[in-house]
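Labels run A, B, C and D following the written order; every chain starts at residue 1.
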Amino acid sequence: MGILRIGHVALRVLDIDRAIHHYTKVLGLLQSYVDDNGSVYLKGWDEWDLYSLKLTESDRAGVEHIAYKVHHEADLETLAARVEAWGIAVSRHAAGDLEGCGRTISFALPSGHLMVLYAEKEFRGKSVGTIDPEPWPDGLQGAGVHWLDHVMLMCPVDLDAGVNTVADNVRFLKEALDFYLAEQVLAGPDHSVQAAAWLFRGNKPHDLAMAGGPVAGLHHIAFYLDSWHDLLRATDILGKHRVKMDVTPQRHGITRGQTTYFFDPSGNRNEMFASLGYYAQPDMPTITWHAEELWRGIFFHHGEPRPDFIEVYT
Amino acid sequence: MGILRIGHVALRVLDIDRAIHHYTKVLGLLQSYVDDNGSVYLKGWDEWDLYSLKLTESDRAGVEHIAYKVHHEADLETLAARVEAWGIAVSRHAAGDLEGCGRTISFALPSGHLMVLYAEKEFRGKSVGTIDPEPWPDGLQGAGVHWLDHVMLMCPVDLDAGVNTVADNVRFLKEALDFYLAEQVLAGPDHSVQAAAWLFRGNKPHDLAMAGGPVAGLHHIAFYLDSWHDLLRATDILGKHRVKMDVTPQRHGITRGQTTYFFDPSGNRNEMFASLGYYAQPDMPTITWHAEELWRGIFFHHGEPRPDFIEVYT
Amino acid sequence: MGILRIGHVALRVLDIDRAIHHYTKVLGLLQSYVDDNGSVYLKGWDEWDLYSLKLTESDRAGVEHIAYKVHHEADLETLAARVEAWGIAVSRHAAGDLEGCGRTISFALPSGHLMVLYAEKEFRGKSVGTIDPEPWPDGLQGAGVHWLDHVMLMCPVDLDAGVNTVADNVRFLKEALDFYLAEQVLAGPDHSVQAAAWLFRGNKPHDLAMAGGPVAGLHHIAFYLDSWHDLLRATDILGKHRVKMDVTPQRHGITRGQTTYFFDPSGNRNEMFASLGYYAQPDMPTITWHAEELWRGIFFHHGEPRPDFIEVYT
Amino acid sequence: MGILRIGHVALRVLDIDRAIHHYTKVLGLLQSYVDDNGSVYLKGWDEWDLYSLKLTESDRAGVEHIAYKVHHEADLETLAARVEAWGIAVSRHAAGDLEGCGRTISFALPSGHLMVLYAEKEFRGKSVGTIDPEPWPDGLQGAGVHWLDHVMLMCPVDLDAGVNTVADNVRFLKEALDFYLAEQVLAGPDHSVQAAAWLFRGNKPHDLAMAGGPVAGLHHIAFYLDSWHDLLRATDILGKHRVKMDVTPQRHGITRGQTTYFFDPSGNRNEMFASLGYYAQPDMPTITWHAEELWRGIFFHHGEPRPDFIEVYT
């Protein structure tokens, strides 16, 4: 059955202690593990696997790899074959090579990002348990985000050189990994250039999004909240902690997301994303944004350019 | 890939005009088609297929059939074979036999309810379109529900006679149709009786729910709203229209749903269901409610028995 | 300038420890004082005076007195004279006779309830302080109610005996204490019987409400929350604590209140009341509910009788 | 009893038709009157007097006068005498001189703004009526704002020249008109300069606010919404209408307001302000913001300077 959902992001941070404080006290993730190299693993209260975020101290910020969970062990080899058939080399790793996980495969997306697939990860359980559970746990800290929701990658595009790895990624993800295209931005004089894309495997508007930029990088990782009201409370908490903000609570046109953006202490952009938006399905027609309406699509309320929103990333 | 989602419910109503008023002016569905027999077809503004609700005038209320959409035409025959292998007879119907749909298969669930599967339905499109869409359309009426979200069936259970079609349905839906079990109620002295179940194919807590009762019937059909606040506004609208209420806005323990229940003019129970609740996935451990906590599970806020809530249905 | 607002309610409770737990851990009031007799005083985080609730252990539940704060010390004697002129005896008390307060006057309302007026109460301050305050404090417990908002009294009415202390109270409160009538229920064949009333001195729909009953008592004390969403979270917390519920989140027609009702461990009814409703002003025309629409006025969503809601009180 | 509330703002607009469209179709005010000079009068659905906004076409935008309603006719002469005693000249006008109003007095604030007081204005009634009213009316357009909530004036400050009309206004409004000071910004090396102030007569954090600038003008007029959720919907509507935005939904530290700012087609700044914030009372201690925290006070979520927010006004 293939890919289920985003499983985790492995993130580089400049100062592990400040990162832990940010992701636990401010966002409300739970620290679930520390490995021998000092990397720290965290999970949301509403997730059941051991971790959805790995933090590793480094001299530069950014994403190390993105990992998606597949349904069955056998999917790994099926998908590996399809990736190889598409012309991309696949590495195969034994169980345990990736902390807490079973066998994995990994490969580079056309954009250069490292993608990992796994079928098994150590089970930890939701904070509310599985017997007569309460709707939310006591003792949440900070914003109390539910889960890692999606990631957005910046993908090299140089049209003069004939390079558009957004389009390449989309084609690869659809053809080799059975992703579906929820929304896209078409740019260029005849709207022939796929400048950004939102793809899904589950029923949310995106599990993996991407936009074009000068170099490969991470635009943001996003965490789920239930409602616009939770987003107010969560952004109040960002204010209390003097977190560096990027975008205060707004409505996306694209995905209909109720959103707020900010930076972790290393400069990695975070999003808190509220409400389902819409129910994505394989037979839902793809939504297209013309570049002329790009900023309205990003910031539906004001519709004005914020170049730094797409130029600044890690 | 099998079943995608609930596609529509065919409902019997006592007075078609009153039903149309209820489902369009109060709930905000859009009338999209009328067939030669006077049956009326409706869709939510956020759905793209021709209809998700079919209303047929009759001398008794209740559900005629429930229909689920499968991903590919080929899935129909694959699933037909699995249903037959499970020991249930399957009927095959030509395109057009079911209004606006391609080929269909149909069969009776162990509980006796008629289930239809189809791969194609005439496309109509969301009210907001697919090019630079606004987050919601102008001119919505009433509650402006987004889509048909799920259905709950009442299934014959007579433990003295060794009959438990809730459990039979669950086994069938899992084994033959690849549904996943999100939550269940276990009753009996040793919690060995599966008294109610919530199953999903997508990532919402339920696409098909069922509970045990003396005779087969319909407990409710549910429509989606985005938030608890939308639910207040929607229930205000029910009050303005003097709709017969069943349950005012509350929190379910089961599914975490933010919910309100009421009756259409024929006595068919409706639900408006807000927020995603949680993100259901095949590897999410099943949540179990012990019968002792059943009422807390249904009505988390007060936890008190409301026998009529499970005894009254169509 | 007369009465500013409700200052506090002195409540009798059957078990002081359970009462403290309820009002601090569940509702989120802060314990601010204990007197020599073991009475416990509490305040909301958004209140600046020493207390708004006094709890005294007793062998029966109910209200001991209600206290309203006047603007200036001189208002006490002015109002005492007006109360006496109206024909009601007034007691005058030295500073300190009422814990933490300056001079007070007290008198019995026509309904028999003891009402206290004071101009000074020891200052404690809001939890967020007055210099560069945050919008809400860290470390709130339970529902985190903002302040004591109003009280509703049950007032003896025996129409056969020519007794209607609701109407008597209204006349007294308007004429002697300059309250304004926001809403009223008119009953009887020609709508000539004032069966319930909501009066204000500030700009909220009510500072003091009353309804008719067989004997004098307390219908409820109400605490303020900011929004319908806060009310969901707060009622979830009631569910977590297994508090005995009376009315799950609903919309009042009367006052437009977003409301939930429940009982403290002694059986005193509590309300959490969200949002301003409307802006009450002396020149706002009084809203009248005809008795035929009483239940729609109380429970706008379902409009059905709940006799226990007016028959059960302390 | 003096001033009750803001009664109306008389606004100059560059194009009356575009202004009418903005204030009715986008904000949802109701046009209630047109005078012989073509000025247009509007009211919110939840207001009972004839109008709260007067629009007059002009070759420049800005405020013509602000009007406050007093409780009793006799208050007019009492306050006129106090204003004169304070050293400010008062004009007295016959009933009808101000459209739809009884007798009025007018005078210039120290900042130069024209302030009008009146006791009587023609009654029109809330859209929901006074008998068994629904909580909100059917057929609202646009954002459906409830009422004109407050106004913020820009007041000349030139410290080198010893001019601070913010401080002058505050002193005047407190001493002559019995306003109360809810919040203030103190600037200067020893926090001795009152740079902005929020004053109230009712129980909301402000009925009249002011900040210092190079010339007298209007910072914004504000309309009330019930909740943060209503603010999302309202700002979505601004986006649909391509209204020029100033500040997308945010939390003020000052007043705790949930807010969005934008411009009418003439460049007059509007605010939609949601939720009560806190309950202002004469004995509530004044909240002080030190200039170092000014931007956190204005924009609690990001706390960053937005000089244009205080430099651009009409």
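Please note the rule applied: contacts are C-beta pairs under 8 Å (C-beta built on N, C-alpha and C of every residue); 3 or more make two chains touch, one makes a residue touch a chain.
Note that the coordinates shown come from a computational prediction; the quantities given were computed from them, not determined experimentally.
Between subunit A and subunit C, the least number of touch steps comes to 1.
Each chain's centre was taken as the mean of its CA atoms, and the one lying most distant from subunit B is D. For the touching copies subunit A and subunit B, the fraction of interface residue numbers used by both exceeds half; the interface is of the same-residue type.
Between subunit C and subunit D the CA-based rotation angle works out to 180°, given as a multiple of 5.
Centroids of subunit A and subunit B (each the mean of its C-alpha atoms) stand 31 Å apart. Chain geometry summary: the mean Cα position of subunit B and that of subunit D are 49 Å apart.
As a whole-number value, the distance joining the C-alpha centres of subunit B and subunit C reads 43 Å.
Contact of a single residue of subunit A with at least two other chains is seen at positions 134-135, 227-229, 236, 239, 251, 253, 296, 300.
Judged by the touch criterion defined above, the protein chains are all mutually in contact, each touching every other.
Every residue of subunit C that touches subunit B in the complex is listed here, in rising order: 228-229, 232, 235-236, 238-239, 242, 245, 248-251, 253, 258, 260, 296, 299-304. Partner subunit B is touched in their complex by these residues of subunit A: 1, 4-5, 46, 48, 69, 71, 123, 125, 130-135, 146-147, 202-204, 224, 226-229, 251, 253, 256, 275-276, 278-279, 281-290, 293, 296-297, 300. The touching residues of subunit A, counted against subunit C in their complex, run 134-136, 138, 227, 229-230, 236, 239-240.
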